[in-house]
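Quick one: structure below, then a few questions.
To keep things simple, chains are lettered A, B, C and D as they appear, and every chain counts its residues starting from 1.
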Amino acid sequence: MNSANYLYLSAMLFTIGAVGVVIRRNAIVVFMCIELMLNAANLAFVTFARINGTLDGQVIAFFTMVVAACEVVVGLAIIVTIFRSRRSTSVDDASLLKR
Amino acid sequence: MTDTPILQYSFLAPILIVLGGAVIGVLVEAFVATKRRASIQLSIALFTIFVSFISLLRIRNLTSAKAAFNSVMIDGPAIFMQGTILLIAFFAVMIIGDVDHFTAQASAVPGSEEEKSAVQTGRQQTEVFPLTLFAVAGMLLFPAASDLITLFVALEVLSLPLYLMAGLSRRRRLFSQEAALKYFLLGAYSSAFFLFGAAFLYGFSYSVTLAGIHAAVIGGTANNVFLLIGLLFVSLGLLFKVGAVPFHAWTPDVYQGAPTAVTLMIGGAPKLAAFAMTMRLLVDGLLPLAIDWQQMLVVLSVGSLFIGNLAAIAQTNLKRMLAFSTIAQMGFMLIGLLSGVSNGNTLLAANAYSSAMFYVITYVLTTLASFGVILLLARAGFESEEITDLAGLNQRSPLYAGVMAVCLFSLAGVPPLVGFYAKLSVLQALLAPGQTGGLILAIFAVMMSLIGAFYYLRIVKVMYFDQPLTATTVSAPQDVKVVLTLNGALILILGLVPGGLMTLCAQSIVKALGT
Amino acid sequence: MNYLTSLMLLPLLGAILVSTLPKNKSNYAKWVALLTSISVALLGLLIALRFEIDRPGFQFVENYSWIPSFGINYSLGIDGIALVLILMSVILVPIVIVAGWHESEGGRWGSKSFYVLILILETMMIGVFAATDVFLFYVFFEAMLIPVYFLIGGYGVGERAAAAVKFLLYSLFGGLLMLAAIIGIYVISGHQGGHTFDIEKLSQLTIDSTTQNFLFLGFFIAFAIKAPLWPLHTWLPDAAKSATPGTSVLLLGVLDKVGTFGMIRYCIKLFPESSKTFTPVIIVLALISILYGAFLAIGQKDIKGLIAFTSISHFGFITMGIFAMTTQGHSGATLYMVNHGFSTAALFLIAGWISARRGSSTIADFGGLQRVTPVLAWTFFIAGLSSLALPGLSSFVSEFLVLVGTYTRYPVAAVIGTLGIVLAALYILIPVQKALHGPITPGNENLPDITRRERIAIAPVIAVIIFLGFYPKPLLDVINPASVATLTAAGFSDPVPATGGK
Amino acid sequence: MTSNNLVYLIALPLFSSGFLMILGRRADKWGHIFATLISASAFGIGAFEFLQMLARPSESRALTQKLFSWISVGTFQVDASLLLDQLSISFVLLITGVGTLIHIYSIAYMSHDMDRRRFFAFLNFFIAAMLLLVLGDSYLNLYVGWEGVGLASYLLIGFWNQKPEYATAAKKAFVANRVGDVGLSLAIMIAFATFGTVSFSGVEEKVSGASTAALTGIGLMLLLAATGKSAQFPLQSWLGDAMAGPTPVSALIHAATMVTAGVYLITRSNFIFDNAPTAQLCVVIIGAITLMFGALIGTAKDDIKKALAASTMSQIGYMILATGLGPVGYAFAIMHLLTHGFFKAGMFLGAGSVMHGMDDEVNMRKYGGLGKFMPITAITFGLGYLAIIGVPPFAGFYSKDKIIETAFNAEGIKGLFIGGAALLGALVTAFYMTRVIILTFTGTKRWDEKAHPHESPFLMWGPMAILAIGSVASGFLLSSGNRFVSWLAPVVNSHEADHAEHVERFQPVVVTSMALVAVVIGVAIAIVKYRSEVPRVAPTNVRFFTKIARRDLLQDDFNEAVLMRPGQALTKFLVATDEKAIDGAVRTVGAAVIGSSKGIRKTQTGFVRSYALLILLGAFALLATIWVVTL
């Protein structure tokens, strides 16, 4: 299978994620979309590593996963706090700061 | 295969020490009684930073050393930036040292009994110090990173603690949490872009190191689309931290919502780190693409100057106003960066990069002092953030009004304050190649800084010419007072004799450019 | 001995001393400030005595490297033009302090800050005239805005804060344009044998005409705002109305002179070609300033606003004299700067005293003062006569030199400019009639006449006005060589009389 | 020749003036005496110099004194130096002589004024300035005195400036004078541009090398200056109002000396005018217009001082006319100036004496039959009257007759016109002066019961008597044997002109007869007209001409409509412009910036998703930008 297709998939995933962040209101879903983007990047790394036959890209994928996990910890902490205060996870509700 | 990894710990020592200090801080948070935590944490943080600085001094003469398998590059700019970051961090920690600014228990629901009792019983959590140290470690790594993966990790280590800290405000917790959410979501979003861009840079060059990418770009036969996407998305991740338009939208909201102490952290050292890394990436990694990214930076700086200055004028919230002002100032800094592209004339390039570096350092110094003053005003029991809160500050506290005025005049670019030399050096770097485009951009920048002067001076007017709303004097612990005075004096002294700092900047850049 | 540096340091030391004085003893601050400024004035006179008239170039030169990475030097030096302006400044400061002995008490802050600001301002005023490094000049040029800003906003009356901000923004606007131009010429110097900000070296550069025009405009607009030239003048009346009389004296008397001084020292010296190119436009603007300022002065209801607009008219004359590019025009303009400094000082101080007594600066609130406060009225009248350039008083010589100098090159402009002479009579005599003559306006019957302190302050000014009217030679002798040098360096020579005069 | 004494002429009164001003009330008791002594000693110096001058041969009579280098810039070199020649000494004697008399007169006249000291300080200042005017050796020095006397005039007209209309009159005089001064300063500028010097001798030396255009320019500008100072058409309007000043001032400044400065200026500049025929023609025309203008106004004035002022205007018109007639005219002009100085000052003092006795009443309709009560005043005034209307052998006859004669003998048709005008002027003069005499001193009394007319004290009538003697004798003394003409000849270069052929259109005797006939007719008309009872209130049902003559031939209405109102409108407009347009433009820029700021703020919606969208769009936009650049 042509490895370029993985790249296309990666680009699609990234786009879905990027657009998802913009159109979805639920903070958790928004966050998931970001994770999707990270994973799209991971896929791209792995694909390139595969094409080139080096391991660098694959190593990076592991790093990314770790970092993403950290991000989840921080992210969920923030989202949960917000939820506890507001009883809502809609990112649109959190719009006191503006202008 | 069985080579023992040679990490060269001495080169990494400054970073590792800070990380170690952070871990100790976490342990203290876990095991030491609440009453004594605050002072212990503060001491640990300050001590750590101090020791880290000492260890940095020991390696200050390195010109181009690599550590940890080439993933960390210890060279002139890196050491210089690390040193500056540590100094700034030291100041910042001293200024924010009072834990009253932070929520007693971040996990408690705002306004709940739980929170009240936490405040009453003094069960104050002090996680802000270890978080700060983690962020500082990230910042230290940032300018030294020399491959994409280190870069990404540094970016996250720098960012994640700040996301959390943004939500730690004791007062106005809803705002604070919202700021944290926005900061986090947008930060993560931009990180994702960064990572995706990094993937494409890797795809283009099949190398993760900046040097490898550089070589591949010079080779120039590979896929340009990958390169462009990579360049753009990676820059996006960094420029998000810088706060350049159109990646600026988080800045005002986060600056306003976060506790002022954290705003001080966010607005200070991370800008240095982000600048350093942007420069490293663009110059070390992607110099051959200069024409492209120069174009990009022109657009960004024009946008930043325009949006930042104009939006700042109508603000009534001081922190928001300073946020927009930051955007504008970063626009100026980008001008310095983009001026470095001058057909391989190393002298001009060094001049430009050092001007940008000088700009960002002086800017951070000024921000530190101005947020420090705002922070002090918050002590009277409420969060100070409206411009009117500064009314008649001169009558309440001439010293802090003076420090603030010095900062504002400096930001406005009035000589003989350091901000003026920053603008001067950036503008001369811009005009040095003698191109018409540079001239137009310079005039635009100059006009925009006039608008800037308008809102900075409005605050001076409020401080000096308006009647105070409260008669309470501003009191501050002695150390904070000393630090702020020192900081204000530094802005003035650097204004009278800016030569030394300029030379330092220039030397570190020249070393890096290897000429 | 570093005379100029000492001259600058002295007020600065005074300022530091004042700031360390105890807060509640405002009298100490006054006396320290006064003694400081008097010693500065004496040192200034000493410098004047040691000035060698016939020596070309700058004297009392000092040169130290300041910011080596930019080739910026701390270099000072004075020629005749700078000397007379510095002298005027250092003489005016003690007068302002004596005259405004109680001025500092009506401010937002204590007296101490007032005198600290005044003394800092004095340092900068000296620096701005003494700098021979363009960059150093610029630093002083901009930095002096800050004390003035606080002096207006902190100790003024009425819409003082707004006026202070307006003043500062206008000045910064010009200053930033000038900064761009300074950087421009610096960059050019880099292409032609080394980065420098030294005025002499910069004047040797060869710059193509388009660039030169841009750079010239950068400088000129800044100076035209300072000077102020129509239509960039609207900050001045507001500032003058709001500032204390003493501040106004320093503002109009000294600070604004930096604009016209800059035109001579920087615009013409650095960009002779462009000066030539823009001369017609500038002469027209100057003429408009002369007439416009005069008409507006006639139309003013506020005495301070009136003086401000007369100054706009006078600055029109000065600018015209400068850009006539003749020896008479230049020397006349320089002398005019000094004379205007003194006559405006007298007008402002006396107007300030009268306003303070009456509690209003509206002209209509006065009337018949010659009966009530004869000495104040007469001194005001004499100052007014100087302002309308009555022969025998100082301004006449300079105004006439400007007109003669202009006529020999631009007759039409000079003819139109003379209309200003008639309007001057109106703008002085109308307020004189309204305020000093006629029946005593109710409420003014018991105003006290001049006090001893006020006499001490105003006497030297009046003396200078009269003395320079009869014997301007000492100043002209100092100014002339500098004027000739400027013009020669810029490649101008005086028109020859039609009948081939000697 | 040089002298060291000239400066004292100016310095003495100048310092005295400053001294009296600075001492203030402390000098109230003796200030007037001091000032009078100073003035007298100045006259003494003048007389001494005059005698010395008489002793020297005519070509070396001029004296100079260089005081110091005044202005020295490049080629513009002006020394503060003085020149005393035959022309200046005539003026010096007139100024200090008449001046001293008027000082003496004022001691009594102003005795009830609390500010008498100040008045004398001003008088001394005037003397100093006027002497500087006539002694200055360059146009610029003259200019100093020129404006100095203007200032003195301003101060003295407005001496009682607590009355608003007096203050206004003073201001008006100064401003009108300033318009003239513009002429003088422009003349100096042209002179410098043309000759490279502004001293009289320097200009005279180089005058032959100059273009006619330049000379005409200088001449016209000097004429403008003269019209301002000497109240000539079209700048004449201030003189009538200037009568607001105390009467001695009117006598000294606005009759005898200052207003004649224009005649001096033109005479002094004879070398310019002789080479600029066009300018000379203008001088003649202005003189002719003014002499008629003033005379006509004089016929309608009921205010005794204003009638005399109109007469002054008219008489100076004669002098100006004479100066425009070339070398022959200058001497006659100056001669008339001197005789006029005597008789007009005398009459003004007489008028002052009348007012003094009539509680400051100036309306002649409220006089009548005063001759009985004030015999000395009536006699001295009468002698002056005879002099002014030109009855032989009184002074005015000699001087005016010469002017009329010279006017008739001017070349071409011009001569007939100006000669006719001068003749007609003489007729009208005779008419209005007779009217003044009849209304004031003869006929029945028309004054209020309150008034107690009485003769003035000796200090007042003494000077009047001396001036009356001058009015009687000066004309004969000056003109006998062509004495004054030859005295002035070295100054006005009339030697060669004397030999130049010029057409004698009328024999002197013919002209004299015509003039005398005109005078008789004028006197007769006046007697016929005012023989009967004179109404106390001026009738209003008079002819149109009388109406406008009472309004000074509409001069003020004209100025108001053409200059003042448009000027005020312009001022108002400019003030509004400054506020609305210029400052408004600045404020608009500010408002626009703030407005756009508000717009930009709206983009900061507060929704995190829109921020993310911004990042996304920004990324694509940048991508597009780079793409375009790369391709």
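As a convention for this text, a contact is a pair of C-beta atoms (placed from the backbone, for glycine too) under 8 Å apart; a residue touches a chain by one contact, two chains touch by 3 or more.
Model, not experiment: these values are computed from the prediction.
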Chain closest to the assembly centre - both centres taken as Cα means: C
Separation of chain A from chain B, taking each centre as the mean of its C-alpha atoms, in whole Å: 25
Chain B-chain C separation of Cα centroids, rounded to whole Å: 44
Geometric centre distance via CA averages, chain D-chain C, whole Å: 37
Whole-Å gap between the CA centroids of chain B and chain D: 78
In chain B, residues with contacts to at least two other chains: 181-182, 185, 189, 193, 252-253, 454
Per-residue overlap in chain A, given as positions that touch at least 2 other chains: 18, 21, 30, 91, 94-99
For chain D, residues that touch 2 or more chains besides their own: 601, 604, 606, 608, 612
In contact (per the touch rule at the top): chain pairs: A-B, A-D, B-C, B-D, C-D
Contact set on chain B toward chain A in their complex: 106-107, 109-110, 148-149, 152-153, 156, 160, 163-164, 167, 173-175, 177-182, 184-185, 188-189, 191-193, 195-196, 198-200, 202-203, 206-208, 252-253, 256-257, 320
Chain A-touching residues of chain D, taken from the complex the two chains share: 601-602, 604-609, 612-613, 616
In the complex with chain B, residue positions of chain A that touch it: 7, 10, 14, 17-18, 21, 27, 30-31, 34, 37-38, 40-42, 44-45, 47-49, 51-52, 54, 56-57, 59-60, 63-64, 67, 70-71, 74-75, 77-79, 81-82, 84-86, 91, 94-99
Touching residues (chain side chain D, partner chain B) in the complex: 590, 593-594, 596-598, 600-601, 604, 606, 608, 610-612, 614-615, 617-619, 621-623, 625-627, 629-630
Touching residues (chain side chain C, partner chain D) in the complex: 231, 233-234, 292, 295-296, 298-300, 326-328, 331-332, 368, 370-371, 374-375, 378, 385, 390-392, 396-397, 400-401, 403-405, 407-408, 411, 414-415, 418-419, 421-422, 424-426, 429-430, 432-433, 436-440, 470-473, 476-477, 480, 483-484, 494-502
